[in-house]
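Chain nomenclature is as follows: A, B, C, D, E and F, assigned in order of appearance, with residue numbering initiated at 1 for each chain independently.
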Amino acid sequence: MKTWIKLSRVVAAAAALLLTAPAASLAVAQEAAPASASAAATESVAASEAVSESATAEAAPAAAHILASQKELTAATLSNANTTYLIFCTAMVLMMTLPGLALFYGGMVRKKNIVATVTQSVAVTCIVAVVWWAISYSMAFGTAASPFLGIAADKVNLFMGGFDNLFLKAVTPATAYSAAPTIPEYTWISYQLTFAIITPALITGAFAERVKFSGLLLFMILWSILVYAPICHMVWGGGYLAQKGVLDFAGGAVVHCNSGVAGLVSALFLGRRKGYGTEAMAPNNVIFIMIGASLLFVGWIGFNAGSEWAGDTIASAALLNTMLCTCLAGVSWKVVEWVFRGKPSLVGILSGMVAGLVVITPACGFVNPMGAMICGLLAGPVCYISATWVKKLLGYDDSLDAFGIHGAGGFLGAVLTGFLADPAVNSLGHAGMDQVMKQLLGLGVTIVWSAIGTLIILVICKFTTGLRVSEADEEAGLDASQHDEVLDH
Amino acid sequence: MKTWIKLSRVVAAAAALLLTAPAASLAVAQEAAPASASAAATESVAASEAVSESATAEAAPAAAHILASQKELTAATLSNANTTYLIFCTAMVLMMTLPGLALFYGGMVRKKNIVATVTQSVAVTCIVAVVWWAISYSMAFGTAASPFLGIAADKVNLFMGGFDNLFLKAVTPATAYSAAPTIPEYTWISYQLTFAIITPALITGAFAERVKFSGLLLFMILWSILVYAPICHMVWGGGYLAQKGVLDFAGGAVVHCNSGVAGLVSALFLGRRKGYGTEAMAPNNVIFIMIGASLLFVGWIGFNAGSEWAGDTIASAALLNTMLCTCLAGVSWKVVEWVFRGKPSLVGILSGMVAGLVVITPACGFVNPMGAMICGLLAGPVCYISATWVKKLLGYDDSLDAFGIHGAGGFLGAVLTGFLADPAVNSLGHAGMDQVMKQLLGLGVTIVWSAIGTLIILVICKFTTGLRVSEADEEAGLDASQHDEVLDH
Amino acid sequence: MKTWIKLSRVVAAAAALLLTAPAASLAVAQEAAPASASAAATESVAASEAVSESATAEAAPAAAHILASQKELTAATLSNANTTYLIFCTAMVLMMTLPGLALFYGGMVRKKNIVATVTQSVAVTCIVAVVWWAISYSMAFGTAASPFLGIAADKVNLFMGGFDNLFLKAVTPATAYSAAPTIPEYTWISYQLTFAIITPALITGAFAERVKFSGLLLFMILWSILVYAPICHMVWGGGYLAQKGVLDFAGGAVVHCNSGVAGLVSALFLGRRKGYGTEAMAPNNVIFIMIGASLLFVGWIGFNAGSEWAGDTIASAALLNTMLCTCLAGVSWKVVEWVFRGKPSLVGILSGMVAGLVVITPACGFVNPMGAMICGLLAGPVCYISATWVKKLLGYDDSLDAFGIHGAGGFLGAVLTGFLADPAVNSLGHAGMDQVMKQLLGLGVTIVWSAIGTLIILVICKFTTGLRVSEADEEAGLDASQHDEVLDH
Amino acid sequence: MVSGEAWVKKIEAIIKPFKLDEVKEALHEVGVSGITVTEAKGFGRQKGHTELYRGAEYVVDFLPKVKLEVVVDDSLAERVVEAIASAAQTGRIGDGKIFILPVEGAVRIRTGERDADAI
Amino acid sequence: MVSGEAWVKKIEAIIKPFKLDEVKEALHEVGVSGITVTEAKGFGRQKGHTELYRGAEYVVDFLPKVKLEVVVDDSLAERVVEAIASAAQTGRIGDGKIFILPVEGAVRIRTGERDADAI
Amino acid sequence: MVSGEAWVKKIEAIIKPFKLDEVKEALHEVGVSGITVTEAKGFGRQKGHTELYRGAEYVVDFLPKVKLEVVVDDSLAERVVEAIASAAQTGRIGDGKIFILPVEGAVRIRTGERDADAI
């Protein structure tokens, strides 16, 4: 019977996800006509690239989104300032996962699971770096030159970058990636790696307190390859969604919506924790949560402003927008909580701030400060509702709200970007219902791909390594049962 | 009777503060004559600005202190290197408050108040950002164009920047602030925001373990507007003290003396914690204190060297001076403690380091390394005496030594700057008794403004939200009573 | 009898170290011939310096290793981008020690020693900064102009930089160090200071849980002067090993092998902790270990990529290599542990990551990503064996594996650099048996100097301040006995 | 006042931590109005685990337990014991123990009430 | 040696944490030379609070308490109880309880002294 | 079931923390199969230390101790006491105390076994 309940939940989830499909297909339809125009435009842009780039490379790096290829890097094109910029952004985004997210999640679980939860972030970091080097960088930022499974190379390129750059074999000290032509590709790979790390690491929040360590590792390897790399390619690697004009400055769809949906599917698939709803599951250490959230905030500057790949005006806008939206979202969550809960809590303010960071992520390089404040004002209440009421209503156990905050916040931010983009801030941005439809297309594709991919991977893990620990192991805690290592001796 | 004691203490404090007034007025008098000359000089500088700036903008950015206005930013004037510099400094100063100061203070209180103390830093961050966007940035760095309450615009400008830039409405992607003309104003606003955040956050150290959360929030909103913004404008926004030639590289007066004095007044006004002097109030976690102090140290590089707004020679001097003074102050506090206490303590060394950081703050971009060592040698003993003997003597309960360290250290540093400034390091610096008098003027005005402003705000809070929790709530701890959220379950 | 055992252990250690001497002397012999050639080359390089440098300063800063001197810095040669780069790298390396290493080590000891262990890192930071300013910077990066103890200046220069720059007296805002001619010397001093701090701080891992605080301070002062400064000069200050062509990008020999060997000698000299092998000595807080290791990882980007002193292509390679090697080493240690221990542990993965960081340190700016992966693959198992089996076998008590990880890892990395250096990445690099011999020479000299110097200093400390606490103090814990300050009240 | 006679009993129970909420509920139903709880480590038949850090092995055979203390009237003791025993049971090794100890006197600090009135 | 006769008493007190220093002083004055203290959580008439994290509600009805144990000679027991009771009292709900238990034997580990000599 | 007769004893020992492993071994050899351990702070003849933070002085006279509780059959009690006493002894002040208390009943939660069978 239990299996039955589980199955029915999974089906329900699938159904829920399909509800987004119409929106997506609608958007696809709407895009059908302009698409060819846009493709033509893309080509012409590509044609005039050699000329335009030397002139405007710095002025409009985001345009390079659509033009994915490897370029030569010479002493003349190399910019020490921009490379410096991206190296530090890399360090900051790395800090978001280690120790940021590790502590943010580690502090939220019960004490018997803190070591295991933290280990998940650490292990994901290590394993994803190896996968990135071996396979997924090529799939995300490569350019397929030969057909794959009988599909023509240009069609393959819509969804992934192919396998010509496995083990980074085509990368040399003299190459750059077309989106950031003034920066050595080595740094580009490193910076993008930190995104490839934190996205799956976010999903561990939905797995927490019941996942088997070996199962988690297998899941993460497969997910990096089958879900992250293609979605990343579609949006940032010059693939399908980039060509459709989807705006996603720093990862509202690629990182947050993607990991949030994967978290929801995983939470439904794994089922609730033993004792969920009856046992007290208060966070074991809110100070660790605070340290984690703070380092997420600080590091997110490298994530958001860093996504401009140069310390320029757009990066400056992204910086200020990130700070304003985050802080206002902290306030707006707090206010909602004060009203509904009677007292404001530290975990509440911090959750609000993280919600704000998520919402501003796709928008930060496109909107003006007033737009950022609108994002912040909505981020608090919307994510509050999603992480409290909606979760309760639907009854799934997304332990640390991977979906509640990242899924909902990423969705909200992507949509708001369509409404609020200000061309004065970024000439690539543009607001209006047409842009909103494009954003919904981007979200729809991301959600469907992520949900289906995640489900397939979960099934694979379930029947190989296994995914959930035994009841006794869950009771004893993952620290003891998975790692023989506990916090309190 | 209790009220009586409280009142008498407040009066005593007021008296103590007035003692500084003569020094200030003396300095004002002394300055009367040169002031006009200086004003003239200012004008001529302003006149030749168009010429000089393009030539020497990078060489002498500190000159821009006196020339506050918005400038146009073009692709030609934008410097990616300097923008990169300031974006990272922003991240570092943000890290000072979150998680730095939050942990530094959180570790020092008793366990039943750690969550509340940490929440104060977090909440101040959020609320100040919103206030900064709405009002205080305009007051700090705007330029009043119209009279205010019947006062002529140029007189208004001596004390605040007016209200023409509320909600950042005059800021665009193409504006820069005159002090840092190579950097987008968006980044300038962000960087200065982190200063506007940490200054009131420092005051929470004087409030700790007995303040009502709602009262604290109201206090912080008002204080940001009525105290921080004007003092910031007077020193850094081209106002009165800037024109008088007060040297304050990174905030000895604006940040530390200001918050220290506000802390003292608040501590006196609130009265001592229940059990102060009889109950054991040892820090709940010295490791958190260490993490906090360390992140303060690291982030302070962005605070001090960052206040040059470019990675140049002066920034380099500020960097080295900061490291040397901090470390020597750690040693000098330790030695004093070893002698008087019998054993050196971790909290002692860390307190010494923070004292060193505070003392070098106004001086770091003006003195040479030998000067920094003199600052460090004095920082330890002076702040040790202030935070231990003086506090004991006067009997006020400045829980975490907001005044003992930041007030005293800021004062010492500002005075030492007058003695030690080396024109070889920074052509704007100049040592001598005349400069010391200017420094005392700056300190006097800051102290008086801060003390009176703080007192007014405290009274407002007391009679609206209330300021101090009930005895039972204080006993139970602020974590439970203010936030329903405790560290240990 | 106890003294006897101790003595015999020290003798054994000395013997073990002498085993490396043949390798060293062999290498010296081999180098005898090419050395003169290399010296000639050096001279000719020096001759053509004025020309070459203006042209290629940025392209090949590592060449400057061999050409140590002070240079004039003008507005024309100053690079804001590079200065920005190095200022942030300074902050990051500082963060490695505080709070990184302090937490990494603090979490590993028993709870009764956590405060003392943390205090050691903090105190070393403070004291070394003062020594650096007064003496050791001059010895490491100065140029001796006059004979010392009757030894000619150019011979003195082979081993140390002399005493002409005590108290930084020859440093001005207009000087730069020849290796980084575009950056003010103030920043150079600061950056190198962070290396001078972390190296002795690493040794505290071998002292942990039994060292007297006063003894530790004396040890650190002497060690900074007598061991660190000369070795640093020999490799990075243009001394003997630099001239021999030893490759050490970021400190495999200077920092890690050096501190590891010093740790081994210290551990042998001090003897084991009371209860070692019988009492449970599990880490008191693996979360602190995780925070520490994570901040080491993040900060190490400033350590490794920073050692290029500019954000360029070589720095980019160092960045990517650091990330890849670290993560793969985390995986490879985990796998070994999973096989031998039955379960992977958090401390294990983190130890593997630190091992990877150590191994890639000397290699990071010379090898390509494939080389980095080879380093990472070996780092895990080799350091695992060294920190578990070898330690057990030899029976010394290197409490936190200063030798097991830093000594062994530094050695491995330096040797691998000789095998894997890729001239396409860095034109100064070159792989082959001749380079391997040079690397062994560098390691041999470092090991012998470090071992003998450390031993002498230990003897001095033993007979002055004393080195080890009494049995009762060790039982009570260093926190209470050395600092009157405990974590739990 | 110290009667010497033990009309009051102290029930001490060592249980698995995650059973605390259930046991509390059970005691509440039986009419117990006060409980004192301490964190404890237990060593017994239930096996612990071995931790290995860089070659050093630590046998962690003390497992986390929670110790409950309830002082009740003699008449209630048996019911309390049964309530705890049934609520704390999982049937797996390591479920814990209950001990009954005699108490000779009790005081409620707030009021100064004594013995049976105090509990 | 286990006499069976209880000339020695163990006084257990559950008090509010911030009263520990005062109680210690009071005991010191009565002549008590040894005390053992444990952190505890208490459940009783005093109300706790409700914590709400992202929609999940946790009723925290265990409040922080401190448990004192003092073993004393029968003759001293009453004075000890009174000392604690008066020092720990705030008059507010949750002040805690004192229990007196019989002790049948005592040993000072350092010297091996027994019973009354041991305490 | 609550017999009133105390055939079972509870041995409580306050020892120095670093002696725990040795004491556990000693008890194991005597045949004790279950121990419950709590962290405690002890105040006694052994002197603590004074902490001074920025002028404020805190006398820390509570020292870290470990409290062991072992419930055993009357017949084993004396041997248990001796095992603890000899294993925990350092001869230095602060070694701690052992107390013997009567127990009137015991239950093994897992099985419901009572009294002697339960321990």
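Here, a residue touches a chain if its C-beta (ideal position, glycine included) is under 8 Å from a C-beta of that chain, and two chains touch if they have at least 3 such contacts.
Bear in mind the structure is a predicted one, so any value in this text is a computation, not a measurement.
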| item | value |
| --- | --- |
| Required steps from chain B to chain E (each step between touching chains, minimum) | 1 |
| Those chains which touch chain F and also touch chain D | C, E |
| Inter-chain centre distance, chain E versus chain F - centres from mean C-alpha coordinates, in Å | 16 |
| Intercentroid distance (Cα basis), chain F paired with chain A, Å | 53 |
| Chain centre separation (chain A, chain B; CA means) in Å | 37 |
| Centroid spacing, where centroids are CA-atom means, of chain C and chain F in whole angstrom | 47 |
| Chain D residues counted as touching two or more neighbouring chains | 38-39, 51-52, 58, 60, 62, 90, 92, 101-102 |
| Chain C: positions in contact with at least two other chains | 79-81, 84-85, 88, 280, 282, 291, 341, 345, 347, 484-485, 489 |
| Set of all touching chain pairs, with the criterion as stated earlier | A-B, A-C, A-D, A-E, B-C, B-E, B-F, C-D, C-F, D-E, D-F, E-F |
| Contacting residues of chain B [partner chain E, same complex] | 112, 275, 278-280, 472, 475, 480, 484-486, 488-489 |
| Sites on chain B touched by chain F in the complex | 108, 280-283, 337, 341, 345, 347, 351, 387-389, 391-392, 401, 404 |
| Complex interface listing, chain E residues touching chain B | 16, 18, 21, 49-52, 58, 60, 62, 64, 90, 92 |
| Complex contacts: residues of chain C adjacent to chain A | 58-59, 79-82, 84-85, 88, 92, 280, 282, 284-287, 290-291, 294-295, 297-299, 301-302, 305, 310-317, 319-320, 323-324, 326-328, 330-331, 334, 341-347, 349-350, 353, 369-370, 373, 424-425 |
| Contacting residues of chain D [partner chain F, same complex] | 9, 13-15, 38-45, 61-62, 65, 67, 74, 77-78, 81, 84-85, 88-102 |
